[in-house]
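Right, one structure below, let's go through it.
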Amino acid sequence: MSTSLRTEEMILNVGPQHPSTHGVFRLVVTLDGEQIIDADPVVGYLHRGTEKLAEGLQYTQIIPYTDRLDYLAAMLNNYALVHTVEYALDLEIPARAEYLRVIVMELNRIASHLLFLGTYLLDLGAMSPFLYVFQERERIVQLFNEICGARLTYNYMRVGGVKWDAPPGWIEKVRDFIPFMREKVKMYDKLISGNEIFLHRVRGIGVITKEDALQYSLSGINLRSTGIAFDLRKNRPYSLYNQFEFDVVTGKNGDCFDRYYLHLEEIRQSLRIVEQAVAQIPEGPVLGKVPKLIRVPAGEYYRSIEGARGELGVYIVSDGKDKPYRLKLRRPSFVNLQILRKLLIGQSMANLIAILGAVDIVLGEVDA
Amino acid sequence: MFSWQTQPLTWMHFLGMLIGAVIVLFLVLFIVMYTIYFERKVIGWMQNRIGPNRVGPFGLLQSAADVFKLLLKEDIIPANADRPMFLIAPIIAFVPSFMVLAVIPYTATHIFTAGLNVGVLYYIALSSISIVGIVLGGWASNNKYSLVGGLRSAAQMISYEIPLGLSILGVIMLAGSLNLNTIVTHQATDRFGWYIIPQIIGFVVFVIAAIAELNRTPFDLPEAESELVAGYFTEYTGFRFAFYMLAEYVYVFAISALGTTLFLGGWEGPFLPSWLWFAIKTSAFIFFLFWVRATMPRIRIDQLMGFAWKVLIPVALFNILLTGALSLIL
Amino acid sequence: MAEDKQADKVASSETVEKAAPEKTAKAAPAKAAKAPAPPDPRVEQAKQQGEAIKVAIEQKLGAGTVEEVIASKEVPILRIASAKWREAITFLRDDPEQRFDYIELFAGTDYKDYIEVVLYLHAMSRGTYISVKTRTPREQAVLPSLAPVFPGVNWEEREVFDLLGVTFEGHPDLRRIMMWDGWNGHPLRKDYSEFENMPQRGGEPRG
Amino acid sequence: MFGFLKGLSVTFGQLTKKKLTLQYPEVKPEWPERFRGIHEFIPELCIVCNQCARICPTSCISLSGSRDENKKMHIDTYDINFEICILCDLCTEVCPTESIRMTDRFELATYSRDDLYKDMHWLYENHVKHGSYQRLQEEKAKAAQEAQEQAAKEAKVEAAAKSSGEGGDA
């Protein structure tokens, strides 16, 4: 008779309908007691074939589709597409349009980071921050609503400029928003950053090393949290970013706390950029001279921008027609999510949500 | 002071006791209804929302509507569940929550209170029976999340019973009695005033352990919705779910009442009627629980266990030593 | 009207299919010849850069490893023989002169005659980036997997496998990623038709 | 050490703050002028140029028109399938006559999918109940103009009556 206890691994399906997977994401976790011995992320539940659809659409028509990728930062997606097309066409963009783009992009980055803060704290069990962030986000969303008529799917940028000029008083509203937001960032610092329970749950958890970050092609905050100062706004400036003063904030340990804190810091940096942009914005047209039917010259083009979640790139193969021959989107969430398996193995089950939340994914972008 | 215990048991007295029990039952249900309402309002206000306001004036009937909804809902029993256990678990969790209320002295006249000489012990002993209901519910649901939730709650609640009991020991040493009525009267005459002052360490330990016993944020691991969906009652619906909810909120009231009695002087206080003093103190205690819930993230399970065994129990033991030493010296 | 449009769309996509192979097949090599006509200094510079890298690669891995050097704007594009694909990428990552240690983009394109896989490599220490690509025939599309070198291309390769039907040899976990296992065909291939490849309903079998 | 106390002070401070809840079904949100809601369609202005249907990324617009005796195009049917419309505003952007516009109506919930297929008449009526900004503006201007004309006419009639009266007198 055997005296050893028979143990069994437990397979736990986290998702696709689980409160903390932020959408339809499934994680098949194999557990040995409380320890995770394997984790298999399953994606594709939100796959809409954007890349395939884009092959049958004109460039202007693709813009609304990009709204639906990373739906928390649609302005940045808009920009990534039009920027690549403009790059391919070597288009000159009117100055005012570029300034408006920078303002809305940075505001959108703030809104997106705010939502990360809220949902991350909600994942960790604190529910008030989730409701607080929506207040500031609401102000940003209202600003967007005034400038482009939509709260989430903006469809604001056009090849060669932006669709609308800022309505009267809009720039002032953005200016008023900056000090308000600064106060709120301080409040979050006070509410969250010092909380012992929070610190215990995120410090030293889900550590990414520099080498791993590079090997796994991480980008955005996931990469910067490891200490690598790689921000496309600085390293490969596009739009007007070389004219603004801001810092690339990096973490030290690459743990969940760094990733959380970098979101707060990036909100501060984005506020700095918005402040400068609002102060400098010139008058003028907002749409440059663009042919009615945009035909990208044959060839292949890749441009990437610093999205809210990392390097957001658009790769266009054109055969000279008004529709792309192939459009590939480099979605930062999709690439960043790959490291999840490596981060989870060996951790205890209780850290799963803290790690998953800190990677900061948007399923619309993961699945495209 | 009138007490049922000193009277001979006649049919009339039995009837009186029965009526008294039913009154307490309804009173508690009423209190629970408005505890839930209070929680939703307080947390709503803290989150810049207005909270429930649709049913009745100021949403006062919201909880009643919720209870009705739960009672009218279909009672779904999962096909693979352990049927008898699944059915009985909510009741096991729920019944002790009411029974513990028997020893709480609400007013100066103990009309509804059993002046039990082992009142504190009775409370702690009965409240641990609820754990059985929770573990059974988690097990019988045959759901992995439920199971994890149920086992977590077993580990957590048993661990936190110890610091809870130890933190009360200090009070018992000062009062020299396990009877809750006596503890309240002692506090009125004690030279330090309410026991929160000489027993401040014990009080802090008590509050932390109480929150953990209640499975409330930041110790709400058994039902951590972002990890375990709903923990041990994931599979429960309708009135069985309502039983769990009810048990949870009765305990919120009961533990607040116990804390009030042990540390805040119970019904004792000047000018106002004693029941009002009791209500005010208990509400303040409950408010604190909700306030913490609105602020804190959730602690991790291993940290939670470590906290109980490595921090709370030593602190509580130290408190007992300190109390003993101080009462010898002073 | 809607039907008209539908028909129109199908027709136009067919014309793309017909027109594209000659055009793109021409375009890629033609560009090298065409570019000097209005000499774009960016392209010229990029090509020089590309040639230098080509020399470095071929020194290590033998002549013929780099099949072609072209450029798109300021980005040098090196086409690498598919047999040496992994070796070349490993070299580009590990060589102290190159140190292209970060993959920005991993994309696959169906060009009717062949399938091309494109990589944008970034050198963190220097801040430069290049594009490398390789080709594989459409039938029996097989490429060596880069996942052992860069674990971060794991899912990207799965995506290309799923949507374009390229098998990556040596990939640790080659499964469909976007579509479910019962899906027929590879949607991003140009000859894919949703009508011919009616997918199997329901996804994974239930246990 | 006591970082959580700071957090407690933050949440407590919110207790007295103004509450932000919008009592939605009773109180409707106020949308800015550019808000992209459900379309309204004004058939009189349409020249059947088909641009909206062509630019639509989801092909949710279908229309047909015919020539009248003056060789002018007239719209016959105009349908938008709101099951797939993504309210991207591209159709109003390309419309040369502004016959398709976006209102501030945003509630599209129905009990049946068939109800989401909206025809020309529904789209034309859309502004009446829910008030497209421009449309209302126009109507107001029109009403004002009519009132003015009416007043002018009345003044004329009066003047005429006066003069005729005078004439009668003479």
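For this structure, a couple of remarks:
Order of writing sets the chain letters: A, B, C and D. Residues in each chain are counted from 1.
Heads up, the rule we're going with is that a residue touches a chain if its C-beta (ideal position, glycine included) is under 8 Å from a C-beta of that chain, and two chains touch if they have at least 3 such contacts.
Being a predicted model, the structure only gives us computed values, none of them experimental.
Contact count check for B-D and A-D (C-beta pairs in contact): higher for A-D. Seen from the C-alpha centroid of subunit A, the farthest chain centroid is that of B. Separation between the centroids of subunit C and subunit D, computed from CA atoms only, is 47 Å. Averaged C-alpha coordinates give centres for subunit B and subunit C that are 63 Å from one another. As a whole-number value, the distance joining the C-alpha centres of subunit B and subunit D reads 57 Å. Subunit D has its Cα centroid 34 Å from the Cα centroid of subunit A. For subunit B, residues that reach two or more other chains under the stated contact definition are 46-49, 294-296. Among all residues of subunit C, those that touch two or more other chains are 9. For subunit D, residues touching at least two other chains, in rising order: 4, 7, 10-11, 14, 20. On subunit A, the positions that touch subunit C within their shared complex are 43-44, 47, 49, 51-52, 55-56, 87, 214-218, 228, 230, 235-236, 298-302, 304, 311, 313, 315, 317, 319-321, 323, 325-326, 328, 330, 334-335, 337-339, 342, 367-368.
By the touch rule above, subunit D contacts subunit A in their complex via residues 1, 3-4, 6-7, 9-11, 14, 20, 31-36, 55-57, 86-90, 93, 102.
On the subunit A side of its complex with subunit B, the touching residues are 10, 12, 18-20, 34, 121-128, 131-132, 135, 191, 195, 197-198, 200-201, 348-354. Against subunit D, in their complex, subunit A makes its touches with residues 57-58, 60-65, 67-68, 128, 132, 135, 138, 145-150, 153, 155, 163-164, 167, 187, 190-197, 199.
Against subunit A, the residues of subunit C that register as touching in their complex are 9, 12-13, 16, 19-20, 23-24, 27, 31, 72-73, 75, 77, 101-110, 118, 120, 124, 127, 131, 150-156, 163, 176-180, 187-188.
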